[in-house]
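First chain written, first letter: the chains are A, B and C, and each begins at residue 1.
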Amino acid sequence: MADPVPIAQVVIHQRSGEGCIQEDRVFCPGWAIDNIDRYVDPTLQHVVLVAASVGLGFAIAFGLALLSHRRRWLVPPLIGFTGALYTIPSLAFFFLLLPITGRGRDTAIIALTAYTLQIIYRNIVAGLANVPGDIKEAGRGMGLTERQLLWRVELPLATPEIVAGLRIATVSTVALATLAVFAGGGGLGSEIIAGSNITFKTGIVIAGSIAILMAFAFDAFLFLAQRVLTPWRRAVQA
Amino acid sequence: MRGNGQTAAAVHYDHVTKVYPGRSAPAVDDLDLEVPAGEICVFVGPSGCGKTTAMRMVNRTVEITEGDIRVGDVSVRDRRPAELRRQVGYVIQQIGLFPHRSVADNIATVPRLLGWEAERTRARISELLELIGLDPEFADRFPAQLSGGQQQRVGVARALAADPPVMLMDEPFGAVDPINRERLQNEFLRLQAELRKTILFVTHDIDEALKMGDRIAVMKAGGHLAQYATPAELLMAPSDPFVEDFVGADRALKRLALMRVRDIDLWKAPLAYVGQPIAEVRAKLDGAEVPYPLLVDSGRRPLGWLSERDLTGDLVPGRPHTSPDPVLDLDDVMRDALSDLLQTETQYAPVTDAKGQIAGVLSVEIISEFLTSADAATEEHGAPERPHG
Amino acid sequence: MIAPAKPPLALLGQFGDAFDFIFNEQIGRFSGGEPVGGPEQVLDLAATQLELTGLAMALALAVALPIGLWLGHRGKGELLAVAIGNSGRALPELAIIAFMAAAIGVGLLNLTIALAILAVPPILTNTYVAVRQVDRGAVEAAQGMGMSAVGVIGRVELPLAVPTIMSGVRTSTTNVVATATIAPLAGVLTLGDFIINRNVYGDDGVLAGAICVAILALALELLLSVVQHLLTPRGLRAVAAEAA
């Protein structure tokens, strides 16, 4: 092959990009195109990590919110407890769990789930609290039971705030799941710390970019989901 | 009215007391009254007098401490609150429409809770939309797309949906501007004339109470019932200084709002026809109650007043010097009639019947004479029928 | 896969060994005879982590606070402030640290800058939102009394915005502490070193590291919540407690 002709920092006509890789430039498109396959598995693992953690986190937080809906005194301690889980750095969490659950994907999921609890719980509680009092009064006065009121009125009206919490949790979890590799859970982090070779810039850039794009994709999806779930908010004001 | 086919039920308050936990003074103290079926009972009084509490004990959004309330013959305590409330229409000041549901879904709330079939519910929704004067296309709109007045009307329709025998209304028109409020009140009275429901209505506005109520319960601080009477009785015979004060120093004027022109004895003016010999007209002027001749056409419709200048010559001229305005109608509310008289600064106003023919003449003097001898007059006529619309 | 549950005594034993690691210097089985663990090393690494966190937060505050206050005061740049906040969350810390190590170079200074960049978004967004939510009436009254812009910001908007700003600071700090845990990848040795370099410190060291990091993070959070309480103007405390 002829010697590469550098254009700015990027070498473009060497398919295997060997020279680019050898010089460890920031981003080698040639190499990226050739090796895109190796990112498929980590990406899928990453999606599973995020979906499972946020899904589980939502289920638990929702349960806690239902529990504390008619027992307001539970809210501060639950906020405190989920807050502690949020504060503990995930890496530490992985290894605190290690003796109990061992290495692997499940440990990563448990830690990531714990991280999402506070923001989701807080937003569900706030969303329910923000339902205007007169709407609840009208509902009760018409003969809706407390349970009917919750499921048919309060929760639908709290949807925007709940989804906002889910969006924050999801975006954060996508970024955080890159650490799952330390717990043996796979994910895109495994391409960032490929073995002990953490000086492979292109690899880092690709993996990081996929993570960022994934975060935005999840965010957009949830945003659209919220719009679908709340058609009344799109109605034009009279 | 179609719908559930339920007839209105009477509401009995049986020595009802409400004491909130932790407080010593009762919010409602030994309230005992009966609201006949099909009538509007207005609870009125200053803030904190317990009027809202009293009303809300009927659907148990406030629980009774002592005593009982019966709707029809059934005690409100005999049913679970949620079930009871589905049989009682409930309208609150802020309306509380569900923003996430269409107008139709809002109205359908209680019918669905009661398990009505879809077809029946749909029919009822269109019926109600027509009743409250909204086009069918509004059915699929969301509350945010409606004006305040429209939302109010949907709120009323929602309360009427399952055709309940009793309705509770808590300052339903309070959040609306005065112009729209009057319109809504009139529309509601029109509705009530058709539906004849038993309605418990709460307001702090004595004028609204006098206008809307068949009976009025005036409450004072501490939850005591000061007086329970019809509007006329309330105005003419307030039971104590508090009620007198609350009703207002302008009681006399308020009475006028309850009367129509036809309720009073009118004066007669000498009538003059076009082309009639002046001499005949002059003859009629002697001893007439009204010292001016009224020019009328062949159909006895007022054309104007004749002054001295008009009465020169042989025959009555076709064009009178003074216009007949304001021309009043027998069905006009007395207060509006007085207002017209005062505004145009006329002394006498011709009053016509439904056909436009002269029925008599009204003057400020007649009204003030009436007011001063009102007790006698009312005993003769009986309680005057309240004007609507 | 979840490993079969260990008998409680064994678990206790493992945590016991970890605590032993923290309090007693010992000869590492893998470190080639070099002593590892013990309070001195633990405190040393903890101090580095706190130092790194403190510097990064100070830098982030110095940048984000004034900008957030100014933008909030003027009411401009809402889209920007919110967008930065949202995007900041999407940045994977591991990628940033690794990239730093690979491309820009290791060292306290570079790492501080990287962490400060991570810390800016929550502070910026929260400061902006906090100032916007200050009661307009209070601001207008102050302006009407002739206070300068700086005065309005300093004496009216900032004090009333404290609860929400502090909430952003706490979020930021949590993120920075967590990222500082993996700083050893970029050559700055913090408590995360115990966790990452298992071949040096052994399993006991890893668990010990995890425990220390958790305690450090929780203690810092507790400290900041006290600071928030102290900085909140007295009149706001009851309201702020509910909101926070």
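Criterion: a residue touches a chain if its C-beta (ideal position, glycine included) is under 8 Å from a C-beta of that chain, and two chains touch if they have at least 3 such contacts.
Just so you know, these numbers come straight off a predicted model, no measurement behind them.
Comparing each chain's Cα centroid with the centroid of every protein Cα atom identifies chain A as the most central. For chain A, the chain with the farthest CA centroid is B. Chain C has its Cα centroid 19 Å from the Cα centroid of chain A. The geometric centre of chain B is 67 Å away from that of chain C, both derived from CA atoms. A straight line joining the Cα centres of chain A and chain B is 61 Å long.
Against chain A, in their complex, chain C makes its touches with residues 1-3, 5-6, 11, 14-15, 86, 89-96, 98-99, 101-103, 174, 177-178, 181-182, 185, 192, 195-196, 206-207, 209-211, 213-214, 217-218, 221.
Here chain A touches chain C in the complex through residues 24, 26, 83-84, 86-96, 98-107, 168, 171-172, 174-176, 178-179, 182, 188-189, 192-193, 198-201, 204-205, 207-208, 211-212, 215-216, 219, going by the rule given at the top. Those residues of chain A lying in contact with chain B across their complex are 132, 134-145, 148, 153, 156-157, 230-232, 235-238. Within the complex formed with chain A, the residues of chain B that make contact are 59, 61, 82-87, 90, 92-101, 109-110, 113, 141-142, 144-147, 150, 155, 158-159, 168.
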